[in-house]
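The structure appears below as structure tokens.
Chain nomenclature is as follows: A, B, C, D, E and F, assigned in order of appearance, with residue numbering initiated at 1 for each chain independently.
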């Protein structure tokens, strides 16, 4: 992602337009690209969703398994988030163990879900200290055209709203799977909003070419009550304190728009 | 193996000879190289064999350990096959984790044994769902001069015929090893036969120089009852449907010859 | 470490001086560099020490955890020694899994402790066959200026003298941690002494520039009773039998000096 | 094979309602990812598989480049959520083997010699697995290669046949694959009459094998027609888009 | 957060005796490792962290070299004995992420364009962790970069603020980090008024965030003064040593 | 050492019938693998070990090449089936260490400076382990190097001595290695009077060490004679084969 795959001319064009309040793809500075959300597309997964954000395309699958709790949280289920930059998504992606960009993506999405307490993990305890549900959130990037964080956070939330857990009974310390499903106890709805500083101005939802030009980005996740639950500055540049305060205000508003796309009573 | 270590001249020589029904090393198209089989050479292994197929040399060691069954097969032992291309066997082999060629070799040999149900895995169950015997088949290539699959399958079969399992008793859910051994419950005798298409003609048992010239290869494993239990086409060329049907006929006959080298009442 | 980071001229200067009984840094052939030992510097570790040997600086941290014993030693605690050549210690060190030099370092230090039976491992058994204490000795090289083995062995010994284990009770097969600590049962005090052959003469405690010039090195570990408990020849040259016998005599004497720095009643 | 599962009923009908020689419903789409040089998507039964091609492009690392032809690389990979029990994202031995045999099935279809010193990188991602992913993967990969504009000797169509409950059946689904008697995946180039992939596991007499093999070839031919339709549909769509643009 | 832990008492005093807006005791040392081109050491509360810089030097492997500036690489790493439960020496996902955000916080401070085709390698080793290691790591790394003689736009000072028991508090310690409501680590270059690192986890209203963020900036400014003192002390020591040497 | 095991009986006879200063039966074969440039095989007690040499050849990766001499690389490796409990094929830390000390024992024997910019790759495969594999590995590797036609200063003979049940014993077998008091493996070049490998573990007084060390050197000298015989046998065989060929 460090290599400049777009020309210098195009770069300065993008930056210049933005200083005059316009974007190369015609959007306003505060506009997201068109968003399409589909859920339940992978029948074998306990939950799934695909989000298209412009040409960026991300799939999230949720798998639920029975495993052991962490020793310091014996009566809580376990949440684990993983992101794969599969090489079909971009000429820049390579097969192999996750690099720093996919680790960061997974951890930022995870943080939004975890810190907003979106999943009631105590309800995922089966036998305290022994057996709990493990929720695997697998983020699968299918086409990378910028702003993977917002697309992935949205896909993760959509997939979680759509997740079912098999019913079970505990008999003599053994777990028996029963037929039928229950909904995942999802109690909060975190949404991530990313802004980029390009030439000193903030824009939301940077696409790939803008990411190559941007100075820095800031992701802010809001929960359903309008509280911030995660933030992440990225990129090799800096932001001013004033920009950060402004970004919080913009992101709060945008997060509500995004949440309404997934949750009816946002 | 993709690098041409033999000259173009030699390559065309090999191919031309074959079209006239001859081979550079004097064999007929349907002749195997001389085969030597020794068993029981590694006293510390539960079973072992060394096969020399011309200059190709393969050793197989069998280790038996107690472990857990797969959750979907609680009352069966576990079979696991691994192949090491140790770097002393060829200038082309490198130390490190198994590459695609050794993974393919292990899996093709494994498939022949598994699909012919050669080992009665149910007899390897000790305590259902808890403890079973794990059979490790380790293929160790010592000198690579072509047709590793047939040599390895033969060495694996010879080593299995020679494998003993320690006696045991179950007391209060614990396994106690007793003195003495029993034979591994081996109930079928799969044998692999590999043919190569060189210049449109089929030959059996290609040696290394022929493998570099060949268009494609086809391995067919037969069990003791004359049933096919595994097939694998290899190489970057193609075969015609007619060649495939012909290959099956040849391989059936050859498999019986090979089996007689290992099993008396083949 | 194979690359010559010092000039040929300096190399021959070092070697020539030594043949005339002198060293470039002013030391006598049988002198160690100044040694500084601090213990208990990492409060979160069960034991810790930092050793400065001239400009060489090594830290050792001891962590104690509860785990399973080895199946062939069901009533003994487990000792495990690891060495990290963290890249801040030398321009030659690289991040990544341990290379052969750090594996050798860890194993030589480990051998001295293990073979002298320094830790009474039987006292670290909690429930035979089920639960024992695992002692992790982590060697952390902070600045590499030669003779890492002696510095690390000394730091490990100092850290072990300083190690405490939490008290516990076994109730119904479960281990309960109680407040308070006991001393690690340390019953021997092994010390390593390394000599280098430079130009046919033996010197103790080679620094980095001498290590680049040396023919070979020999490390000899002595326990508190004057018995040898580990030896390791290193380097791509050879030693004569006479040198080896001489080295043992020198090392015995030096080991007593070193031990007195750590243990009062050495 | 521990439990008795009935795969074909007395009327010769399979668990999903098909006759023995019937393919599952197949949906093919070409050119669906914007970054890849070529891409395609297949649904075959509940299989959902994406393929993408990058190249011909510079080879990394460079010493792998071949002087006389393009280097074809292939990665067959399953998403963690594509199967019942979550799959670790690290490549399994099965994925390593399938990547190899798929590459060997497709290599003879491409004029690699026209692009020396380059690489053609093919990625197959199984989003949902339902039996027969390797053959569906070849079918869709072949379309992605064509979509990338690579000159090809023929399209590669792939299909499995096998044996279940005594019947020779076409295009095995997940349960037939796991509980059936044998599985014979085949990749075939109809206009060249050439087989690029052939594997088998299970137990078949030589006669049964011949039957199953011929049925698989027949399946390949039917899939080949679907592949050609999908490519035509794509290029018709492009043509229309271009013409519309010109009219404006 | 399963147990109720009291982090700030009725008098507004924290578990370690500090007031809400008070920093922990900080000790800084510059130039303490002989092999590195630059190095520094920090103690902040019970945090004990070393940083070392090698470079500008030749890049390995060479193809990573950048034509127009130095390549800054950063490794944040925790010693196995630095935390309560032994940490495996292999880098965790947390360490991978922190290495990235720390690099991105320091990169804008260095005139990298003056050293094209070289690498500057920064290593941060946490010897003991006590909450806030990433910000303490940036503070000490910034000194190591300066000690290496690299031309810098400004020193980078870093500090966290957060919320615990309803209070907005500065410089969270280990228990406040784990049991508190929110944590906002910030890296800041005072003379440029520029924020290079900003993260947050927990729950804060926008108003609370603004308070915490401003407090963190205030903390950075105080730490900045300590950084400058530490550098001065180092250079005074050198000056004295040189003068002494000259007198002899 | 938890159980009492009697290693030397009252008559001074060891568990395998040997006297304290007696070697195990040794069988050596030279030139037994067709692909390697040099190869050899040893049986010593129940040890069964193969060694093969490739080179001097081009170094991969190239940046490892040395300007003034050949790069000697050595891999000591145990087959999974060579020991009682199956060994994972991935190299253990023990194997990493032994590969290093074996290389350092053999390096001084070869005129590496005659082959600058090349590599000499030595592979030792333990097919069955029975105590003393590192020394038997050096003995057989030395023959493989000679078989590869590499110019050598001397053959390297290797042997261990140690202490068991109060006796200083030569050439420890598996049980003596595990249950004995001490083990001293030595590699020695007799005509140069030079020790290339020396390790020790266990407990020995300096006097006992000297005894054991001298006994090991004595063992090396006897093995050296066997090595020379094996090489002669090989070259006699070749000579005969050549002469026979000429007669025809």
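As a convention for this text, contacts are C-beta pairs under 8 Å (C-beta built on N, C-alpha and C of every residue); 3 or more make two chains touch, one makes a residue touch a chain.
Just so we're clear, the structure is a prediction, and the values are computed from it rather than from any experiment.
Peer 1: If we look at chain B and chain C, which chains touch each of them?
Peer 2: Of all the chains present, those in contact with both chain B and chain C are F.
Peer 1: If I average the CA coordinates per chain, which chain comes out farthest from chain E?
Peer 2: Greatest centre separation from chain E goes to chain B.
Peer 1: Thinking of B-F, which of A-E, A-D or B-D forms a repeat of its interface, with over half the contact pairs identical?
Peer 2: Having compared contact pairs by residue number, the answer is A-D.
Peer 1: Determine, using the mean of C-alpha atoms as each chain's centre, which chain is farthest from chain C.
Peer 2: Looking at centroid distances, D is the chain farthest away.
Peer 1: How big is the gap, in whole Å, between where the Cα atoms of chain A centre and where those of chain C centre?
Peer 2: Each chain's C-alpha centroid was found; their separation is 48 Å.
Peer 1: Go ahead and note the Å separation of the Cα centroids belonging to chain C and chain F.
Peer 2: 28
Peer 1: Based only on mean CA positions, could you tell me how far chain E sits from chain F in angstrom?
Peer 2: Using C-alpha averages as centres, the distance is 52 Å.
Peer 1: Would you give the residues of chain B that are in contact with at least 2 other chains, written as numbers and ranges?
Peer 2: Within chain B, no residue touches at least two other chains.
Peer 1: Think of each chain as a node with edges to the chains it touches; is that a line, ring, star, complete or other?
Peer 2: ring
Peer 1: If you start at chain A and step next to chain D, which chains follow, in turn, all the way round the ring?
Peer 2: A, D, B, F, C, E
Peer 1: Under the touch definition given earlier, write down the residues of chain F that touch chain B in their complex.
Peer 2: 33-36, 39, 46, 48, 50-52, 54, 57, 75, 77, 79-86, 89-91, 121, 123, 125, 127-129
Peer 1: Could you list, by residue number, the parts of chain A that touch chain D in their complex?
Peer 2: Those in contact with chain D are residues 41-45, 48, 55, 57, 59, 61-63, 65, 82, 84, 86-91, 95, 97, 136, 138, 140, 142-145.
Peer 1: In the complex of these two chains, what residues of chain B are touching chain D?
Peer 2: Interface residues on the chain B side: 73, 75, 98, 100-101, 103-104, 106-107, 111, 114-116, 216, 218, 223, 226-241, 244-245, 248-249, 252.
Peer 1: Note which residues of chain E are touching chain A in the complex, please.
Peer 2: Chain E reaches chain A through residues 2, 93-94, 96-97, 99-101, 103-104, 107-108, 184, 189, 192-206, 209-210, 213-214, 217.
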